[in-house]
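Only one structure is covered here, and it is reproduced in the block below.
Order of writing sets the chain letters: A, B, C and D. Residues in each chain are counted from 1.
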Amino acid sequence: MASYRGVIPPVLTPLHTDGSLDLESLDRLVDHLIDGGVDGLFALGSSGQVAYFTDAERDTVVTRVAERAAGRVPVLVGTPDFTARRMAEQAVRAVDNGADSIVVTAPLYALNDTDEVNRHFRMVAAAVDVPVFAYDVPVRVHSKLGLGMLMDLAKDGVIAGVKDSSGDDVAFRRLVDANAAAGSPLSVLTGHEVMVDGMYLLGADGAVPGLGNVDPAGYARMWELAQAGDWVGVRAEQDRLDKLFEIVFVPQGRSGDAGGIGAFKAALEIMGVIESGAMPAPLEGLSPADHEAIGAILSEVGLR
Amino acid sequence: MASYRGVIPPVLTPLHTDGSLDLESLDRLVDHLIDGGVDGLFALGSSGQVAYFTDAERDTVVTRVAERAAGRVPVLVGTPDFTARRMAEQAVRAVDNGADSIVVTAPLYALNDTDEVNRHFRMVAAAVDVPVFAYDVPVRVHSKLGLGMLMDLAKDGVIAGVKDSSGDDVAFRRLVDANAAAGSPLSVLTGHEVMVDGMYLLGADGAVPGLGNVDPAGYARMWELAQAGDWVGVRAEQDRLDKLFEIVFVPQGRSGDAGGIGAFKAALEIMGVIESGAMPAPLEGLSPADHEAIGAILSEVGLR
Amino acid sequence: MASYRGVIPPVLTPLHTDGSLDLESLDRLVDHLIDGGVDGLFALGSSGQVAYFTDAERDTVVTRVAERAAGRVPVLVGTPDFTARRMAEQAVRAVDNGADSIVVTAPLYALNDTDEVNRHFRMVAAAVDVPVFAYDVPVRVHSKLGLGMLMDLAKDGVIAGVKDSSGDDVAFRRLVDANAAAGSPLSVLTGHEVMVDGMYLLGADGAVPGLGNVDPAGYARMWELAQAGDWVGVRAEQDRLDKLFEIVFVPQGRSGDAGGIGAFKAALEIMGVIESGAMPAPLEGLSPADHEAIGAILSEVGLR
Amino acid sequence: MASYRGVIPPVLTPLHTDGSLDLESLDRLVDHLIDGGVDGLFALGSSGQVAYFTDAERDTVVTRVAERAAGRVPVLVGTPDFTARRMAEQAVRAVDNGADSIVVTAPLYALNDTDEVNRHFRMVAAAVDVPVFAYDVPVRVHSKLGLGMLMDLAKDGVIAGVKDSSGDDVAFRRLVDANAAAGSPLSVLTGHEVMVDGMYLLGADGAVPGLGNVDPAGYARMWELAQAGDWVGVRAEQDRLDKLFEIVFVPQGRSGDAGGIGAFKAALEIMGVIESGAMPAPLEGLSPADHEAIGAILSEVGLR
């Protein structure tokens, strides 16, 4: 799994102000990330606002990211849908469009027990020939992937990794430990951009930081420092990135989907990477005042 | 909204044992319901296991139910997906396939605030020319539709009704009261099959009982008794149906999706309405012992 | 259990503006309730703000309510604390101070399974010789009392009734049904003031309405109409009370504990029953504007 | 705050098999901890099963721990109750009995907003003259302490530290960062025993590990290694402790309160530190088979 270690940011999906896909900006974003030194790209993740796009738009995004990446780094693609047979359709299309691996959540809308979720992952994985990552994101899916099930799937070769966005530190550590004890069949990635230092120390194989869209080079540096065992350096880099992360707290009174990703998009607009911080309806973009405050933070940390 | 009052059961989706759609059984089920005296059919609801079917299968089910209903009663169709633009696609296809109205949930996977959910309903409704029902089902969607937003949508003519499966009795009563105060723009339907008597007394316009698949005539009788103001009769009928509802507690240790709907399907198999109680993967059907126990309850209440 | 049927309001706890107990107002409130025709008094419930008072204050309240009731109606007393041995101490003191029965929640702070909660109720009940009500209030205790456990406790004579404030209509109906099937060992009371009509129809033995502090006569009338089988009358009375209930939605942006009970207290102050709508710290009383709006609603429904 | 840095285990409360306090075992446990090199003792925490003891028993425990500690390390005491005025009473008694500082949760049973919780902490703190720690334990209290409120209390000198048992890694990191930016008014302690290495790296001031009862020397070593900047050593020690932590997963099908703490008590019984692993009713102790499996793990990590 060497190719799935390190920094794999969830790629934002730039839009024109009319809500249509902005593929030129997407190209620039892909270059910005790869030039920054990331180790992979995760398209159609939660930060990519996958929930807001039609299947046709999903296809367009995956095709474009894969074409632009052009083998420089692997492209992981999220395939969220309700249940296994629907996700398998998403997965097959993703692979046809160029995905190097897919990222699969637990079922949504459905009310399943652990055995059913276990079979769910097996059904989706059986539909494709690429590595499968389990995506643990209870804030959106409303169930937590259990340690026993994940290791069962790992031992059977069903999954190649886990992207953990659960925010549950104890469960994450236990997964890292169990994976090590089993001979490390999994690439265990943390999705929490402000905690990467501690997670690297305890054995995480990499990170999937939404904030990595804004400062890929910072996250790439932190990973290299961790590989070199320079933990003081790791922590210092994380402290700098945490200051940058304050951009997500600039928007006040916005929804979970509007505030944080809105701030990432605004930052990239300000930095000139994407043309517009436009958001998919029914979300609305951030205010000029928010843009100004975000710009000030970018200046503070040297990104502008 | 006279055509959307009374009993509108969520139609189960019968399967062959290999998991494929059993359209002959679906025809028989539609006849069973209409012959039982129901006032409408709700296809692709949660009881219809909509989450487990592909878009192609959704299309097949809607087309078949609409053809078989043949105008005898209106056909409502569930259009669950992640967000408004995806749901609008589902809605357009449903109407093309024969839906007389559509049933729309809050966004899934997304993290939206009330204003965004309000706009979400408007976006979906704008895509079709048929009545739109708001479907309040927090156990699956993980957010509750607020009273203020529902009445705002009602006053603007965006929604024609609410299907309440929230289990929140206080909120339901307040919605009934607010709707009455606003001149009854909405058809307010309860989704809880064991509480219909109380909900009719306090002003519900009808019910969407999963158990109505098994005993449509019982629910039709209860509605007529309520219309006639025979509340003692209403309660007696509900008491009988509650005994029948015990079939859902026969399966032990099963998931939320496997136990209850599994019991409805098993009952219909035993009654000869559908060929098999088969469940969509990764769910599994009920055991022979469960079938036997369900059969005993059917005998007890005179349905066999 | 004839003495625990009908209307048993949770008695508010009036305070002076300095936060000390206002026992003269408490006397007047007790008289207001009994004169209104209620069938019992529930002191130290959630509406009585039991959480905010010291043990010494609890003792004072129970003693005063019992003295003022003077046997005219039975006095139930809430004994919330963390676990069984602490609640048993509360229960013994309550009985010493004049409680005719006690009202016991599941454990708090503790993380127990069903068997432990079952033993918990037995431990508390064993400490006293008066009837014990199980109080199901998940919004505060964060666990729901299961049907099987409640009926097990009922059959063994551990509990004499259930006060349901769970808002879970399906579970409530199943409890009513199971209790009837078991020969009605329990008095099953609903705590939701806006739904009493429907709950009476389906078999509730009574209600514990916080709003009953404001209009005890209305709830007493509704109970009598239900006993007489006049369901149209029951519904009409509930409709009137629902209009009155709008007082709890007057305060905007207040906490769960400040808004609703604050409105009840403000109403009683306006009606001259209690001297002040003062709230226990760190809660704050309602604003003059809120008082005015509440007064307008009281006038509208004829209580002023 | 130098005296509240490092390892401060939550002291278990040993019982005789009849459920009464075992003060001789408590003495031995206190010595075991202090001899192991801990920096403080936290009596009457969740691991101390504070919820299960009466006020008289609380007093006895605090008095005994303080006497036995005899100034060798500071004694922190948990004062959980429902609300501020009740907690203030607990706090005053704790200080009278020898507490060097108190540990205060958000209100329980109550439904408060942030401003009310802010005032709540101020009310409790005003009642005593010792340092106050805010205890963030949403799994028991069912609300999370917000970053803004904690820093507001810190800047006003109301609280001297935070014991974080929220399991929310992102919030913990943001608190550490905000505290540093404010000049470190707080001692920020993590309550998660399996994640201490990562938390130390990112700046935690110490740990409150329940597992520290079993292996205080291991946690003391890890703290010293962290102080020396030996992060590889820190991680190795944590890995060893994580293996030991597997004792809490030995009991199967037990409640949250019975399994984990039961395992700690069983381990200490096996190690001869306390006489019995007895649990307070309605909890039950672990089985002989569980004891055997726990003993095997103790042998494996060299504690037996």
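The criterion applied here is as follows: contacts are C-beta pairs under 8 Å (C-beta built on N, C-alpha and C of every residue); 3 or more make two chains touch, one makes a residue touch a chain.
These figures come from a predicted structure and were not determined experimentally.
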Interface composition of copies subunit A and subunit B: same or different, split at half: same
Reference interface A-D: repeating pair among B-C, C-D or A-B with over half of contacts shared: B-C
Longest centre-to-centre distance from subunit A, chain (CA-based): C
Selected interface, C-D versus B-C, where C-beta contact pairs are more numerous: C-D
Centre distance in Å when subunit B and subunit D are each reduced to the mean of their C-alpha atoms: 49
CA centroid of subunit C to CA centroid of subunit D, Å: 36
Subunit A: positions in contact with at least two other chains: none
Subunit A-touching residues of subunit B, taken from the complex the two chains share: 46, 50-55, 80, 82-86, 89, 107-113, 115-117, 119-120, 123, 139-142, 254-258, 280-283
Residue ranges of subunit A in contact with subunit D within the complex: 167-170, 172-174, 177, 192, 194-195, 197-199, 201-203, 229, 231-232, 234-235, 238-239, 242
